[in-house]
Amino acid sequence: MVYVTRKVHFNAAHRLINPNKSDEWNEKTYGKCNYPNWHGHNYVLEVTVCGMPDKDTGYVIDLGVLKNILKERILDKCDHRNLNLDVDFLKGVIPSTENLVIHFYEQIKDEIQKHASEGSFLYAVKLYETERNFAEYRADKI
Amino acid sequence: MVYVTRKVHFNAAHRLINPNKSDEWNEKTYGKCNYPNWHGHNYVLEVTVCGMPDKDTGYVIDLGVLKNILKERILDKCDHRNLNLDVDFLKGVIPSTENLVIHFYEQIKDEIQKHASEGSFLYAVKLYETERNFAEYRADKI
Amino acid sequence: MVYVTRKVHFNAAHRLINPNKSDEWNEKTYGKCNYPNWHGHNYVLEVTVCGMPDKDTGYVIDLGVLKNILKERILDKCDHRNLNLDVDFLKGVIPSTENLVIHFYEQIKDEIQKHASEGSFLYAVKLYETERNFAEYRADKI
Amino acid sequence: MVYVTRKVHFNAAHRLINPNKSDEWNEKTYGKCNYPNWHGHNYVLEVTVCGMPDKDTGYVIDLGVLKNILKERILDKCDHRNLNLDVDFLKGVIPSTENLVIHFYEQIKDEIQKHASEGSFLYAVKLYETERNFAEYRADKI
Amino acid sequence: MVYVTRKVHFNAAHRLINPNKSDEWNEKTYGKCNYPNWHGHNYVLEVTVCGMPDKDTGYVIDLGVLKNILKERILDKCDHRNLNLDVDFLKGVIPSTENLVIHFYEQIKDEIQKHASEGSFLYAVKLYETERNFAEYRADKI
Amino acid sequence: MVYVTRKVHFNAAHRLINPNKSDEWNEKTYGKCNYPNWHGHNYVLEVTVCGMPDKDTGYVIDLGVLKNILKERILDKCDHRNLNLDVDFLKGVIPSTENLVIHFYEQIKDEIQKHASEGSFLYAVKLYETERNFAEYRADKI
């Protein structure tokens, strides 16, 4: 199987807070990531589709098409935005990197499958919060 | 002359806004960077000291000492903070990368000169807002 | 299991074209990648061998030996070359990143197995066409 | 003074050849870079404007405007193109990295000066042919 | 499943030598890596924990806690040290990258499991000896 | 003027110690960098030559020639070596990054001038000890 990846980036603000918990719990659990006036990141997003190349095109998926899906479904909603306040599909989600990759995966998997070669599927969504901290969500299938 | 550099990083939220101008002017001038609920960056900061190495130590400046100056004077005030709201030495400053490097330079130059080898001075402060956009402020002297 | 990787690079020209299709189809399918006078890339190639370290050497495979295999079998044929015109083992192949990793895998797998520790095998071939677009071919075994 | 930089990239094919010299001279001088069927690179271009930030905007130059100038004047002409054959402003130029930065500088300097803050000017054009080989052209002024 | 990673770094000296073999064998097997007066690397270590995010925190593991485990169990023992001479848990180990990842894995797996979300476990330890040479040890489980 | 740069790398061991000072002074001044059993780095070296491109070749200097000079004069002596013990031109030098760039500059400047275009000269030697700590030595001329 071939795993083909497109890397994109966006800049966003967020803070970590569980609104069902006390201020004390939030400060203790999240430390600096809980500071009230937000902080932010240059997020780097890598999306990987798994399958075999189409005989006619040599593509598992046209990476230009994949880029457009990511733009419409994720970047246009998250770039230069506040992940706690501004993004419809993240309402009620604590924006940890772990939670973001799960919700990003759900946000794009069907659209990607429509445009990929026969038998291909969205394999992984990897998000770098910083160069040092990152999370990846992988499909169950494989 | 030898130019010795220490690279550090911090994560912060900001937005670009000139409070003396109309909303319309701000939206037109700053576009996405003016979005109301903030966005943020993984800032990378490079600070360069220029001089000749001390005969005894071989150092222009001990980079551990330089790191501590940066921590106390810049990182402890900016990391995981909102550059428009939280930082004492940036009050009233539009936090463009250009303006940040000028104010960071002023914030550290005297302290660095005290700890550098004889005749050395703070040469440059360079700040990467993203990997693609960055600004540097250089001393007049050279 | 241990996965040990060697990274190398080469520079080549290519264009995407399916000679069995019309010019119109090629332009529509490949866009800029179909431009007639070629374009090129700084390809980065990562080759991963999977197994357990040899008791005497501590190596799954000597990475110097792996580097030489890559040089002889891939780099000497592809570096500073045109992937559509110059490479024997790519004749008739549309040089998409997906197709390249499959053919690079076949080109080196036997030679690598001969030089790796007992039970080890070529696990993956990953090729970065750009920093933003890349593909990986993985062995079925695992 | 503040030096503000925008980084962009493009992919192109080229070869090094001096048409006024013999094949033998070209092969001896340029080695692999003279191979007849072209090779290519992921070029990375950094353009630096020098000046003081505008009081109203905090910008030396709006990096979005700078990006558009680079797109119109350089990227639209060079990306996915052959630097020896396809680019009007490079006709008759040996496309060494050294020569490219000089011609890129001339191609954008006036347009940049029009859009930068008062007293600002195009300071440098830096081009990475690979991560290991790069050239920079700097203005005489400073 | 989500795979969350923390990246850290340390600088160390080492040489490759099997003390049960002759000088001749060692020179032939390890080449420059066997030079008697040591050489060294800026090691980059990536540690990946696999599981599902905790409902309350959104974390598979608090990356600050993971960083502390790595500091205590690996960095404090290896940073600015000689991997052949100074590290208790590496006594008698040939410090190839392959062997280092296996021993680093054993050194941290229990402590990580104690601090990760329910059902999570240490998935992988990846070590870059250089940007071009690296090894990864992965858990059997998955 | 054009500034053309070649980047190379080597791996070496070292420690910081001034033999004319007490153990106490050395420990206090150099901290972890003074540990007795050495540590090491993946050094990255960037060498920049300044001048105008030769009319016939388009080169300030052939970067293949520059690479060979660096190999003979620096890499063959320093790679996989101990900078305190093994390198002839560093005898008696405290191997701080600052001191290394000064001595590397002297080691190559004449040979480079012989092979560069008319009027060109060695402009700068930059050495990354780590990604975060680096020093550059620049020619007086400019």
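So that you can tell them apart, the chains are marked A, B, C, D, E and F in the order they are listed, and the count of residues begins at 1 in each.
We take it that a residue touches a chain if its C-beta (ideal position, glycine included) is under 8 Å from a C-beta of that chain, and two chains touch if they have at least 3 such contacts.
Since this is a predicted model, take the numbers as computed values, not measurements.
For the pair chain D and chain F, chains touching both partners: B. Fewest steps needed to get from chain B to chain F, stepping only to touching chains, is 1.
The two copies, chain A and chain E, are related by a rotation of 120°, based on C-alpha atoms and rounded to the nearest 5.
Same interface as D-F, judged by over half of the contact pairs sharing residue numbers, among the pairs A-B, B-F or E-F: B-F. For the self-contact between chain E and chain F, the two sides draw on mostly identical residue numbers; the shared fraction is above half. One inter-chain figure worth recording: chain B and chain D are separated by 28 Å, centre to centre, where each centre is the mean of the chain's CA atoms. Taking the mean of the C-alpha atoms as each chain's centre, chain B and chain E sit 34 Å apart.
In chain C, the residues that touch at least two other chains are 131. Pairs of chains in mutual contact: A-B, A-C, A-E, B-D, B-F, C-D, C-E, D-F, E-F.
Interface of chain C with chain D (complex): residues 9, 11-14, 32-33, 35, 37-42, 79-82, 85-86, 130-131.
Contact residues of chain B toward chain F in the complex are 1-8, 53, 56-60, 62-64. Residues of chain E that touch chain C in their complex: 16, 18, 21, 29, 31, 93-99, 101-102, 131-138, 140.
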